[in-house]
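Some structures are shown below for you to check.
Paired with subunit B in one complex and with subunit C in the other, subunit A is shared by the two complexes that follow.
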Partner chain A sequence: MPEAAQERARPGAWVRDSPWLLAAVLLVAFAILNAAIQANFFTPFSLALNVTTVLPLMLIAVGQTYVVLGGSIDLSLGAIVSLVNVVAVEIITALGTGPGAIGAGLVAGLATGLACGMLNGLIVSLFRLPPIVTTFATGVIFGGLALIVLPQAGGSLPPAYYLVYAQGFLGLTLPIWLVVLLIGGVWLVGGTRFNRHLLAVGSNRQAAFQTGLPVRRIVFASHAAAGLLAAMAALCILGVAGAGDPLMGQAFTLGSVSAVVLGGTALAGGWGGPAGSILGACILVLINNIIFFANIDFVYQSVVQSAIILAALAAGVFASRRRR
Partner chain B sequence: MAPMPQAVLEAAAVAKRYGGIAALEDGALSLGRGEVHVLLGSNGSGKSTLCKIIAGAVRPDAGRLRFGERRGFFSDPAAAQAAGIATVYQETGLAPTLSVADNVLLGQEPVGRLGRIRRDRMGARLARIYERVGGLAEGIDPRALVMDLGIDRRQIVEIMKALSHDPEVIIFDESTSSLDRRQVEAFFGLVGGLRDAGASIVFISHRMEEIFAIGDRVSVMRNGSTVAVRDVAATSREELIELMIGGAVGGQPDRPPGRDRGDVLLRVAGLDAGKARGAVLDLHRGEILGLGGLHGQGQSDLLLGIYGGLKRTAGEVAAGEAAVPPGRPDAALTSGIVYVSGDRGRAGALTGRPILENLVIGMLSKERPSLVDLAGMRGRVRPIIERMQLRFGALSDAIETLSGGNQQKVVIGRGLATGPRILLLDDPTKGVDVEAKRDLFGLLRELCDEGLGVILYSSETGELIENADRVLVFNSGRIVGEILHGKLSEYSLNAAALRTEGADA
Partner chain C sequence: MRVGAVLRDPAAATLIGCVLLLGVGEALAPGFAGFGQVVGQFGVAAILAIVAAGQGIVILAGREGIDLSVGSTMSLAALVAGNIMGGENAGLLPALVAALVVGGAVGLFNGLGATVLRIPPLVMTLGTAGVVTGLLVVLTQGRPSGAAAPALGAFVSRPMLLGLPGVLIAWALLAMLVETGLRRTRFGLNLYAVGSNDHAARLAGVRVATTRVLAYAACGALAGLAGFFLLGYTGAVFVGAGEQYILPSVIAVVLGGTSLAGGRGSYLGSAAGAVFLTILTAFLTTLSIAPAERQIIFGAILIGFMLVYSRE
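Moving on, here comes the complex of A and B:
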């Protein structure tokens, strides 16, 4: 008569309930592999360098996670990075070299990213257009705008910008502090009502609507947040590169989706979280390290990286099929 | 019957049309404070539509609603909920990847600083809801994910979610259909407690015994109108069924017994698929075997389970001597079984494609020729077109150019073109005009005389009475009765549909 209900005390349920677990295991494995072929991997200098490398991807992946959790996706994040990158460089270059110019550039960059995310959110939530096509199209527009603003890589930032970025505060570099801030922020958001409602919308949009949740506003907010985080990533990239590049962001769209998938978040929405994506971003950077230090030709990087992502995706999908 | 003066909610003259079809013509409900009010009616009588309108999920075309001092219909479910009307639907509105606790309190999480959820206060609220629901929630871990729960427990979580709003009016839409006996008893205890605490309850049920177990009053609906209100204590099963079918029970002449049965074409033993549980049946050569009961009691799932379109979780199916393997519609087709869905839009017509293609696609998937000889196919479907009396312009016209009835003829003709021995019809005449229905059943009878066996699920009792040789009646996934040709009537079918115990009529 009733369905057998054995939801309690199921062995191994905690493995299933911790979507980031696979990413954690992979991260340890790749870290060991990396250390084996790169002698100085576990030195403070090398670790700090790796953190600086991974930070932009981490920021973008966290934004992508919120979008995906709500049942949407943003394929324009890479293009937003490019656009913010060139807008900030152009504004700083135009205003001179003082702290005021840098401040104006940072604000303009953040505003640009936020505006792009809000535009995506508006189209996806208000007009209910499919997010894959919508954000792919807006991504082409943002990328095109970046080329209009700065047709070729160039422009130069005042040294103060990248010197401060590389400087240490209380014994740690600024990127490390930013990672700490990001993790703190993710933890804070994780306990909010917004996060819970976002998961509900991604899990069963109709049910969320019937419950009276502001479904459109929630989806809109997730896109806006992703745009803002992509802008932060672009400003961090400038701190290393020191110059503008309208094609800077291209690789980050696939990278962010990959980090989200590796981190155990379901692309269908409603399951997972940014903690996994942070681990996923680290894994992707380690993979690139390994390819570099193993003297594999750099052109193989995208092939190897994508094959690993495909394998991780398959593992996640098979695990969830067994679930029910 | 005079409306109760202290009615907390009153709906009157509510009407709703979908396209040309009236789902509700004159719906009415007068809900007294602190009563359990049962809504009773057969398929398509409008009881679900009326409830959805009251709950703000469907906008009516006409009518009046008063709830306490407030007048007018609700614009959306959230508005009705805020006003104090909670609805527990059958199809669950839960977020499967969230925990029981998160689902029950979704949208009402107590928040502290920085918008963070106060887990401690959430636990206290949850404990209160658990306490109120009592034995019904026994064994449901608030931390469990909803996707790990069986359908019975999901329904209970849904009930808890509805109660979390402290509603004044609660509408239960067949909430007991997925519960077992012990759970139903606990549910009745809960409903009694809610009533004693002053809540007013609307209860849609398809089990006669439940009406007498917990109902105070009952409104009977027929063909989109509320036709009678009775005190449960002052009515009887017979009277309620008479009101449902709109005629007297007595004096129904026995019909001639059905024709002689041929040998067994299809044997189903203990089949579980979807909602269908433990189905056992034999289909004989030349027979139209009807499936009856209220809508969604497992009839469609049984047909799909036989065909292989739905996963079988237990049981065997054999066509003649050969077993029909599970989950293989292609194998079913090869063994001469054809399934036709009544849902043309989703599962039948290949829209935008010519009539001819729609007709031959079944033959193609059965015969798998490497090259398609359309001219030859055209010749082969010609006799079927004639026998179905299909009315069309040219075979190259798109299928949408046909009327609904003729589209359905094409979909059925596609199956017949494969030369089946067994035809499974899943409510095939939904939205089909009278003339097309007559053509269709005339042809089916001819084909049965030639040796075809048909299982016909129909949501219209009249169709079963006219066409079936015997009818198996479903309730909650199980076959609860078999009615032979001589005993088929509106009364016997409706009475059996509300029964829960398996007993032959």
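Moving on, here comes the complex of A and C:
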């Protein structure tokens, strides 16, 4: 794409080339608004709490971004979170409460998430079924499995699990370290050939195929990565909840899609990136905060929240279209 | 048509699937395919099929068309209709008109967002769903509200003509109307043109944006109608009444052979898809399979069916 290269060389072109820019502006605006109505917003305690709240959505949104960039979508991520959540709890409970049990639970959880993502990737890439309906159907299956593993919310984790999660090390909580790791990971992936191939597949599948890119393998890998990230999110949720819940993940599927779109990534694929989705996840959590601290009557909370999200989405889409 | 050709046609295959399910169900649980049972199933399917009609129109219009707000639109239309009726037969007609108008207005909002602002339909309609659901919470304060007219309850459940309840007859008429509307009217033909190639459609003089906005408005109005009939079953309205119809409506359309890419498909297929989903649910319930296992089998059958018929 010589044209794009020329544009990038022109001064100021980076503004047009940064899908996450509007999300950053929105994030700053919402953070100021939040600080205005919540006096202790900028205290370390409150910030650490917000990081803990946003981390699971952030992880899932980053996974969703890779899937969307490759031209697919995954509506089963919420169900994967639920399944991993109950699998990890059941295994840790079954093996006792020692560090070995916790380790086994973490590994089993990650393996479960990866397997679910790989199944999605296999069906979508190998058989080329429409991803919206396929991942909805696999989501129904994963949700059913979660209900079989643990029919009702319950089970309990050894305190070591959530104490370590909350305490962390070097004075920072574990969620803060994980956010740093996630950002580092996203930055590293951004420079790889995989990332460039993913964008190529998402923007023009036919052309990517004709250039000799392993289209199926790339789409498969993006789904597998999303499954793994959803599993990490589920394990983080356990660090706060301390117990299993087979319906835990439901809200995350659509939340992750909203975060991706807020972050400036095109749902059609091929344009955008996980940095924007990380900001998008933060925006969604800040909107929740603002609604909570603004003392809005409970009855009006959901309509106000949805209207703000819809307006933010509209603004994001509108701006990214003008820049493109 | 040869046998092979029939089996490759998704709509026909879905209907054959229905018959097979009824046959196996009858063998395992005698009475499953009895007249009264089947009529009952079709009555339940009618509501899903009416939502699927709108969903199908939006999907046909292309450009990733989809409407995930049909569930909350149904609830809102039912809420307004239920409060107009207030349990009195006199309010029946105004309530029906109000349900159609409310649904159409939500659809119009979706259509304008998706075409004028060019927000991806998935996101736009999801956002609308959130706003409408929030609005329902405000209007109902979380309590069941409104009451169906007795005549509406009778219309959906009591035999009216040839042992069939009114809702089935209304659905049959609607199905003919939608199918001919798609095949014979200018709007229908424009819809296929816009869905398969909107650049070509524009060059041919079709008003692309108007056609798409109308498609969303029609989808909203049909969801409103479905909400009106749903009220006949439930009697009163609660916030999440229509929620369970959102994704099944998409799946019914896809099972019936409509391409999610737009421009290709028929209403008869979607209607067959709705009947199939309803009978499948009843089938799994009859076999007294626990809900979680039922969910897994349901998902597996969906994927199996798509593996055979929906490869892109």
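Rule of thumb we're sticking to: the second predicted complex is superposed on the first by the 286 of 324 C-alpha atoms of A that agree within 3 Å, B and C clash if a C-alpha of one lies under 4 Å from a C-alpha of the other, contacts with A are read in each partner's own complex, and residues count from 1 in each chain.
By definition in this document, a residue touches a chain if its C-beta (ideal position, glycine included) is under 8 Å from a C-beta of that chain, and two chains touch if they have at least 3 such contacts.
All values derive from a computational prediction rather than experimental measurement.
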First, second, both or neither for A:199, with subunit B first and subunit C second: first
Touching partner for A:213 - first (subunit B), second (subunit C), both, neither: first
Which superposed partner A:302 touches (first subunit B, second subunit C, both, neither): second
Which of subunit B and subunit C A:169 touches, first, second, both or neither: neither
First, second, both or neither for A:187, with subunit B first and subunit C second: neither
Which partner, subunit B or subunit C, touches more subunit A residues: C
Which superposed partner A:129 touches (first subunit B, second subunit C, both, neither): second
Partner chain(s) touched by A:270 [first = subunit B, second = subunit C, both, neither]: first
Where subunit A meets both subunit C and subunit B, residue numbers: 266
Subunit C-facing residues of subunit A, complex: 73, 123, 127-130, 132-134, 136-141, 143-145, 147-148, 151, 254, 257-258, 261, 266-268, 299-307, 309-310, 313-314, 317-318, 321
Contacting residues of subunit C [partner subunit A, same complex]: 64, 66, 113, 117-120, 122-124, 126-128, 130-131, 133-135, 137-138, 141-142, 247, 250-251, 254, 260, 291-296, 298-300, 302-303, 306-307, 310-312
Residues of subunit A defined as touching subunit B within the complex: 1-5, 7-8, 10, 17, 188, 191-194, 196-197, 199-200, 202-204, 206-213, 266, 270-271, 323-324
Residue ranges of subunit B touching subunit A (in the complex, touch as defined): 57, 77-78, 81-82, 92-98, 102-103, 106-107, 109, 111, 114-117, 139-141, 144-145, 147-153, 161, 178-181, 183
